[in-house]
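Following: one structure in structure tokens, then a few remarks.
Chain nomenclature is as follows: A, B, C and D, assigned in order of appearance, with residue numbering initiated at 1 for each chain independently.
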Amino acid sequence: MTPFDLVEPHSFEETIGLIEPDDPDVRVIAGGTALMLMMKAGVFRPRRLISMRKFASSLSGITATSSGELRIGAMTPLSALEHSPHVSRHAPVIVRTMRRLSNVRVRNVATIGGALAHADPHMDLPPVLIALGASVCVVGGAGERTIPVEDLLTGYYETALAKNELIAEVRIPAPAAARSAYCKVTTGSADDWPALGIAVTLAAGGATVKSARIAVSAATTKATRLTEAETALVGSTADDGTLKDVADIAAEEADILADGRGSASYKRELLRVYVVRAVRAAMQASGAP
Amino acid sequence: MSGGARTINLTLNGRPVSAEVKPHHNVVEMLQTQFGLFGARESCGQGLCGCCTVLVDGQPVSGCLCLAVFLDGADVVTIEHLSETGKLDPVQQAFVECGAFQCGYCTPGFVLMTKALLRQNPDPDDEQIRDYLAGNLCRCAAYPEIINAVRMAARETKAGSTG
Amino acid sequence: MAATTAPDGRAGHQVGRSLHRLEAREKVSGRAEYTHLMQLPGMLHAKIFRSTVAHGRIKSIDVSGAREVPGVYAVYTSEDVLKVIPDPYYGPAFHDQPILAVGKVHYIGEPVAVVLAADPHVAEHATQQIVAEYHELPAVFDEVEAAQNKTLVHEELRPAGTFADLKHLKGRRGTNIALDFRLRRGDVDKAFAAAAQVFEHTFRTQKVLHLALEPYASIADFRDDGVTIYSAAQGPSFVRTEIARLLRWPENRVRIKVPYLGGGYGGKLYIKMEALATAMSMLAHRPVKVALTMEEQFYTITKHPATLRIKSGIDKDGRIIARKCEVWWNGGAYADIGPRVTQKSGFTASGPYDIDNVAIDSYALYTNLTPAGALRGFGIPQLVWAYESHTDMIARALKRDPLEFRKQNLLRNGRPQATGTILKDAAIEKVLDRIADRLNWKQPVDHGTGTVRRGRGLAVALKAVISPTTSVAIVNISGDGSTTLYCGTVDMGQGSDTAMAQIVGEVLDMPAESVRIVPRDTDVTPYDMGTLGSRSLFHMGHAVRLAAEEARSKVAALRRELGEPDGSNAPLAELFLKKYGMQAGNIVGTGTYKPDYIPPDASGLTTNATPFWMVAGSGVEIEVDTETGHVRVTRLINVADVGKPINPKIVETQLSGASLMQLGFSMFEKMHIDGGQITNASLADYKIPGMHDVPRVMENETVDAIQENGPFGAKGVGELATFGVSPAIANAIDDAVGVRLTELPLTPEAVFRALRAKANKPLGRE
Amino acid sequence: MKIAGEITVAAPRDAVFQALSDAPFFASCIEGVRDLKAIDATHFSAVLETRVAYLRFNFSANVEITGLSPPEEIKAKIEGTPLGIVGRLTAAATTRLIEAGGQTVIHYEIEATLTGKLGSMGQPVLMAKAKDMEKHFTERLLAAFAAGGPGVAS
């Protein structure tokens, strides 16, 4: 790696002040796992890194509001989500997802805010958060704003964050009887990055699907909601006929890219199959982590 | 000045130490060049193989992806600590008994991961063992023997703590 | 330590003990030494600037940008290398590979220039500042296309003449064919004409990587009177010979020291980083370390991709009466050991079957890709993939039980193999029977209904060991009776140190744990041809046995000289004390082993192709998700004939590990190549098997057998369980869902496409 | 990697050919091209700056028009070297123009090879980037013609 300067401010505000929006070679580092990969590969050679480590504790932690909304500090390591009773109670799909998300060491270091800002389309958490209707609370030079996760992610490694904006918190709304599932589909080894990720959150009234959120990732350049497929599902009982339509619509709707993990046509077939499996898994989700 | 060295203080294998590190140095480099500890070693360089595993404040971390400066104030344990008394740790002993390695390059990582797993979950089932160790790779593929070793270590650790 | 001696002073049998690896303690405590981790005082780090074109003339290399980087010690290109090594080409079969590219580059990733610096970060940064210009030439990547010689990789081929088994290689011009091996037995054309049915299939294998977790590394410390090279090398003796040749020095001025290897699998054979490190140390007058990154391993050496066409004629009784095999081996830009892969695997390309008429044509080809070499099987896994898939396809087409069809045609001891060499001590049928028993073959399979279908498959294989090769060992008993073994076999995880110690212990009646193995150092350890091809236990095992036996006779002579009564069991230390009046002296035994071998004639025939036959097979049970093509291997059975195992526990781990490595090569490992560029050169994108990929049920078995001419009835193990895995799985997929895959790897997409093609709904290529 | 597609422009073929064979106009349709210099009638050099989030890649590129068959076909060869990282981008592009009832259909096919570090690890993201650039190119081209043709637009 090329040498760089490192500054370690003591507050969020100080950090934002240190960002130089016109200099892309100055960058904020949170857990650092993703950024280290870029630096080691030599594709990113920063002049200066601004570490958030010194005040990480003030920005980490998981709380649940009385209504059941989860509020997760941006610097919370993924492993904390994995072991949190709040997450286990209000968003057990996250705990289930964690088991096969990267590995223990990365989960110990990578933060939820850093992971979202990295915006790698292969990551498992973004589609799950989109399906859960999560949003991020962003702080920057222009003040505070809230962005739904589905709007935060704009492309491969690209986000809607302004250069001097940082994610401060992730909010996951109250579940309201929602059922969720995430399917990670690998085509290489079991611990490979997914060729396809698909997350589903449903609210059912009796046997009828009241609302649905479906998000696809990995096969697309960003984690993306499949709104047409959602519409097809809502109001149905998720019967075989409906699910076949949902599968076809999802396969049509998603903008799928080929890569080393599969051709676009194959990944489209995977999506067709797994959107059904994910909906069925969500219908049966017990709420256990 | 850009990239200048700085002094960090940490607890390394139970002893307070300080180290001169530059911001771009990772933990593996620091351990090797400043402390002569070679048990954590860089292989894939991407946090995927686990050869560089160290325990930071009790939690396993990929040393190749962690900047050394971030260890300022941390409690760090490397593989060398486990047999510092001259006696193998029960996890190490179980790896020997089960023949849970061939070339040995990945072994320190697997041993430290097992150590962390058993601290968190003293009685893991096979699926929990696999999940926890799925991020460590062994090209000699001694995986079946490693699972046996973790089971044995769990038994021995429990026996050791209760009796 | 569990080492014990009985009250009568006897240690008892050491051979057959499931002893823990002798170096186990060092490895679990992180203290075992590996070259990649070694440091010498004053050492410089070398970082390599690599070619970005697949084939081209070098127009210019501008290193000024790199030289300006603060902290850079020097930047060198082949111009500098030529000043110290005028003929800088090396290779075990052909002297074709330059230390740094001279005039031309032949593949993307080929070393072109080197930056030296005390700080590896500085050296790495500086390599990025080098700019080379090339005049691009047409490149060829496919082995079958290369055989047409329309695009030539090298203008001239220069054979090395180093190895006894490769003396026949010839210098050539105007061809990409480094070697063509030809075998003709009987009259295939006539037999095909007479056959009731003829089957022909073509198979392909992909480019895969050794991916040792310790990447390639060498450190050279060059002085005027000699050079010491620390290296992760599987063949220190060859490295010494080759470096001495490059330097035009006698061998005794070249010293190769080899610590433990963090995996080898055939990759760390011959010259890898040693010549480059030596040249750099010569130029810099400092010790120089060349330690690659994981990514750089993809630009160093790989397994051979191959295209295999195989044709069989069957008579009305179901006997295979003719077989014709054509194999094209994609050797990449430099031959490395490709010619040996081509020839030695050529011997058994027709499989473990008794076929009177055989024709084999095997071609080693140059292409503009990363060079290919030995990888756990010397080409055999590729061949078995083809012939055991082909055999299964014929059985199914004939509506014969695949097991029965194999048994009808199996080669049995006492019968001539394709080369004409009589099969001996090869438990092919026993291996096959044990796999079938374990699979409960007589019971029909429940293929299942719905979207998950089950199937089973098996495969069995035969390999001739590389021959003729030589091993030398020294056993040294010290004045206190403690014993040291000097042998050049490199322990890279296969447990050879432990097995050799057991052989010494067996002969000298001492606990194996008490035998010290001297670390590999060519100043100390005698010649060995190399740790490769499952040859060590047999060849070095014999050399060690002979050395220990010589020491034992010398001990017996000493007893007689000292007037000890017959059958005396006085401890060795007492003998030395009696002889020298103090704890002093040595008894040294040496052993040299080289088996007989008769080179093949012009028709590829010989009555002595190999000192022993290697036999193994695999059986699998699988599940196929018919909606996605995912295949799950639920049970993997490996059965092998290892003769009489020296260390049963280590043998089992070798079988298990080899089969899991091959499972990766079978199911998903593949180097993706675009325009000659490897596009997945990292562990993030090139996946190897992990914990979750291990089949839930794994069984490993060695059949009751003995290798009559082996040391204590034993023979080699390391490669065995790679042989049958790929075809067993493809055969099981056919069994489960009725589709046949002829190309590796067996990815979910490949299975899915085959299922869709079978259903007449082919999937688009988009 | 292969990139292929087609763009339909509401303009006669001659005008489209004229525009596409005008290097400054062509370059203006590609995001991130600067410092275009004509070396001679068929050789050009330029700097291409590509951004992916906070990552920047600068290529010094040479373009050679290897075939010009008015008004049907333009062939070009592109060679680029990334700055500060070892690598090489080579591409052969073929553009064919087909008349379709007063409109012109532009068929393009680019066979590109990216070698070195970016080629070994960055293909998926750069492939996604190429798709973006393709979209961007189409937009600019169509916008130029919608505004009355390249000459008017500038």
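Heads up, the rule we're going with is that a residue touches a chain if its C-beta (ideal position, glycine included) is under 8 Å from a C-beta of that chain, and two chains touch if they have at least 3 such contacts.
Remember, predicted model here, so these are calculated numbers, not experimental data.
Colleague: Which neighbours does subunit C have in common with subunit D?
Modeller: Of all the chains present, those in contact with both subunit C and subunit D are A.
Colleague: Hey, which pair has more contacts between C-betas, A-C or A-B?
Modeller: Here the pair linked by more C-beta pairs in contact is A-B.
Colleague: Which integer distance in Å separates the CA centroid of subunit A from that of subunit C?
Modeller: Inter-chain centre distance comes to 43 Å.
Colleague: Between subunit A and subunit B, tell me the centre distance in angstrom, where each centre is the average of that chain's C-alpha atoms.
Modeller: 29
Colleague: Could you please state the distance in Å, as a whole number, between where the Cα atoms of subunit B are centred and where those of subunit D are centred?
Modeller: Going by mean C-alpha positions, subunit B sits 50 Å from subunit D.
Colleague: Could you grab the centroid distance between subunit B and subunit C? Build each centroid from C-alpha atoms only and quote it in angstrom.
Modeller: 30
Colleague: Listing for subunit D: what residues touch at least two other chains?
Modeller: 84-85, 121, 123
Colleague: Two-or-more-chain contact residues of subunit B, please, as numbers and ranges.
Modeller: 24, 45-46, 48, 134-136
Colleague: At least two partner chains per residue is the criterion; list those residues in subunit C.
Modeller: 121, 128, 295, 679-680, 682, 684-685, 688-692
Colleague: Name the touching chain pairs, please: which are they?
Modeller: Once each pair is checked, the touching ones are A-B, A-C, A-D, B-C, C-D.
Colleague: Show me the residue ranges of subunit C that touch subunit A in the complex, using the header's touch definition.
Modeller: Within the complex, subunit C touches subunit A at residues 121, 124-125, 128, 627-628, 664, 668, 672, 679-680, 684-685, 687-693, 747-749, 752-753, 763-766.
Colleague: Considering the complex alone, what residue numbers of subunit D touch subunit C?
Modeller: Listed in rising order, the residues are 1, 81, 84-88, 90, 113-116, 119-121, 123.
Colleague: Over in the complex, which subunit C residues touch subunit D? Could you list them?
Modeller: Interface residues on subunit C, with respect to subunit D: 49-50, 52-54, 108, 127-131, 136, 295, 298, 674-682, 684-685.
Colleague: Quick one: which bits of subunit A touch subunit C in the complex? Just the residue numbers, please.
Modeller: Going by the criterion above, the answer is residues 1-3, 42, 185, 187-193, 258, 260, 262-266, 269-270, 273-274.
Colleague: Could you list, by residue number, the parts of subunit A that touch subunit D in their complex?
Modeller: Residues 24, 27, 38, 41-45, 119, 155-159, 221, 257, 259-260.
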